[in-house]
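Just below sit the structures, each encoded as structure tokens.
What follows is a pair of complexes built around chain A, which joins chain B in one and chain C in the other.
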Partner chain A sequence: MTDTAIIHVAHARLDAAAAPDFRAMLDTKVGPECTRVLLDLSAVEFMDSTGLGVLVWLVKHVGDRGAIAIAGTRPAVATLFRLTQFDTLLPICGSEEEARDALSL
Partner chain B sequence: MPSRSDPFIRVPANLEAVRDLAAWAQGACSDAGVADDIALELELALVEAATNIVVHAMPRDGNADAVGEITCTAHFTAEAVRFTLNDDGAAAPAGTFTTATKPANPLAETGRGMTILQLCIDELEYSRANGRNRLELCRRLPAR
Partner chain C sequence: MVQAPNIRPRIFDADDPALTVGSDRLGVLIVDDDDAVTRFLGDALAGMGCEISLAHDFDQAIRQMHVGIDMVVTDLRMPGRDGMDLVRALRGSHDRAPLHVVMITACKDEETIGLATEAGVDDFLFKPVDPVKLMLVLSRTRRSVRLHRMLQRRNTMLTRTHERMRTLLCELRDDLDAAAGMHRRLLPREEQLPGLRMTHVYRPATMLGGDTIGAVTVGEGRTLFFLLDVQGHGVRASLASFHYHRRLQQMAPADADALSLAMQRLNREILAEKEEIYATAIAGIVDVPAGEGWIIRAGHPEPLVMQTGGGAADETRRLDTAAAFPLGWFSQAEFRATRFPFAAGTRLVIYSDGLLDCCDAAGVPDAQSLAARIDTCRDRPIAAIGALVERLLAHRDGDMPLADDVSLLAIEPDCASGALHDRTDS
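Up next, the complex of A and B:
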């Protein structure tokens, strides 16, 4: 375990069918000492409220001790973030490089 | 008015099959020439509605072996898109679809589905008859 987790999410759809597996994966990769999380969603074609709920869980899991940046949002995911105003909660970056900058990596 | 030529799908009421429903809706919207941004929101609305049926109306929450099925018909006009979902699950509690959208707690992990559904469509109509639920989602289209 390190203080930084760079996670390339492989799920094409983050929906109710995938959410338990997605959360378990994040729980494994984001340990208690992790303070910076870069989440690359470029492979995610679709996300619903259940997938978003897992991201909210991650925000609370990391909490005040660290920071999260998201990169690679495709149109369907960006739409969800806009509708729910999740894009006001975290930095949503246009590229992994921008996300690295946001986390000072 | 709906017609027999309207796109139609029947799927088992489980979470994996919600993906089949979403893929079908994407295809139907594409065939009808619906703009991509509207099609994305319609897919999202349909997934939220169908997931709600599977999780809350069916005898076994989210279980692939859940008994029941969902049917959906799409109806396209120049003015609007209508998806009509039917299922044989339990009745929705009173007020499920009529409660006004409220901003979700930004740190709540659940409870956003209905809000998202309401944000993506213009009209939502629920009814129950003969032991079946009927939910109609209507999204108006911009003038071309």
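Up next, the complex of A and C:
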């Protein structure tokens, strides 16, 4: 199913060092036909502004044609999402099941 | 079309004379008290492309030694100091030079050979000298000298490259220092802010940071203040934050509506750069005579407010403010200002999230913990807040570099200032 991408992010730290790799991975997995993206961040312990910048890029990249849901945010990541209002852009779900429901998968 | 000049500095200089390949010519010094031997060897080696010098004893040999000598062929037995002494003297003074030493002797006993080898002889020729063996010795010498010369050239190249790199690094560091100095000069100064007292902390994670703090008078009794945190750090973030700082200062909004418009404009300007860069920001205006202020929070941690001289119920808390997206995310984003009281005794503290990371509870940035720490400064002069944060940072990082830029600005009305009294009198 190329219209759906389910991505388990393996980086423990999504920072400036990891961002280029993370973005290249998203670019590969989220093609132009992709309309639903489930991003599992449960392995991500820390995210900085550069890592968050890649997620903002993903939101713009998918745009109005599709939907993104995020699952498994750790507390530090959740704080960053709250401060920047990123959590108002898309569903931040407690589990992968919830995220699947949010995307009607 | 004019080609951009190549400004990349040259580290490796291909024309450097030290790096040119030398000739294969060998300089040979023959040392023997027997004229017949020196003549025979001299003719043979000259015929094989060597440049010959001759000596008949130790002293002559030492005087003949100069830079061009690559190989010494010496007799063992000579009147006065013998060949063994000569080899020891040569190895003592020319140990680092690529010098190949050959000993000619009629004596093949193990002890002599052992002593000569220990003294530094590379090769032996036994009398009578066999021309084929002489050719083999010369061929070995050529290979050895060639290797030595190549190593010398490479060493010279490495040394010079290292020196050039060091010079470039010094220049780069000076440039970064100068840029960091310019950034630091943007920091607000209390003497330029009538009606306010302030303290700030500004600690970039690297030489150049993406954080910037500003405060400037924008009208009668009014001050614009802001703290921006550009994504990332280093030169790119620093250049961007310097520019955004200047833009906000140029726009100099003096009321809530103008502040919203200034943030909207800056948001669109950042988006127009197509640099995929963004900034979180807090910007506000305080009107000291009116005892009020407005604040806009764009993706930034909530400010803290404290009441000096207040009771237990007035402990330092987060100021409830409308939240907006960071600058540079979405062109349609709105930036609404929140009004807050800023009367005598009120202190406002804004800071970058780098500071929260220094107050984390089990890896979670904790604004509540920061508020509790800052609350200990409630009944002390405002400068105590800056000092407390500096101590917090010193305690935390030790020799470890900061993971993120850290900045903080605290302001309070200056009750003794004329601006406040004017309004009170009227």
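Basically, the second predicted complex is superposed on the first by the 104 of 105 C-alpha atoms of A that agree within 3 Å, B and C clash if a C-alpha of one lies under 4 Å from a C-alpha of the other, contacts with A are read in each partner's own complex, and residues count from 1 in each chain.
Simple rule for what comes next: a contact is a pair of C-beta atoms (placed from the backbone, for glycine too) under 8 Å apart; a residue touches a chain by one contact, two chains touch by 3 or more.
In this text, all values refer to a predicted model and were calculated from it rather than measured experimentally.
> Taking chain A as the common reference, can chain B and chain C both be placed on it without clashing, or not? Answer clash or fit.
clash
> So, does A:Pro75 touch the first partner chain B, the second partner chain C, both, or neither?
A:Pro75: touches chain B and chain C.
> Using the touch definition from the top, say if A:Ala5 reaches chain B (first), chain C (second), both or neither.
After superposing on A, A:Ala5 lies clear of both chain B and chain C.
> A:Ile92 in the overlay: touching chain B, chain C, both, or neither? Say first, second, both or neither.
Touch partners of A:Ile92: none, neither chain B nor chain C.
> Which partner does A:Leu14 reach: the first (chain B), the second (chain C), both, or neither?
In the superposed model, A:Leu14 contacts neither chain B nor chain C.
> Please work out whether A:Glu45 is in contact with chain B alone, chain C alone, both, or neither, and reply first, second, both or neither.
The answer is second: A:Glu45 touches chain C but not chain B.
> Have a look at where A:Cys34 lands relative to chain B and chain C in the superposition and call it first, second, both or neither.
neither
> Look at A:Leu83 in the shared chain and tell me whether it touches chain B only, chain C only, both, or neither; answer first, second, both or neither.
both
> Just chain B (first), just chain C (second), both, or neither: which does A:Val56 touch?
both
> Of the two partners chain B and chain C, indicate the one touching more residues belonging to chain A.
Greater contact footprint in residues on chain A: B.
> Show which residues of chain A both chain B and chain C reach, each in its own complex.
16, 46, 48-50, 52-53, 56-57, 75-76, 79-80, 83-85
> Applying the document's contact rule, which stretches of chain A touch chain C when the two form their complex?
16, 45-46, 48-50, 52-53, 56-57, 75-76, 79-80, 83-85
> Which of the residues in chain A end up touching chain B in this complex?
13, 15-17, 46, 48-50, 52-54, 56-57, 59-60, 75-76, 79-80, 83-86, 88-89
> Would you tell me which residues of chain B are touching chain A in their complex?
Per the touch definition, chain B meets chain A at residues 15-16, 18-19, 22, 36-37, 40-41, 43-44, 47-48, 51, 54-55, 62, 103-104, 106-110, 112-113, 115-116, 119-120.
> Mind pulling up the chain C residues that touch chain A in the complex?
It comes out as residues 229, 231-232, 276-278, 280, 299-301, 323-326, 329, 353, 356, 360, 363-365, 403-404.
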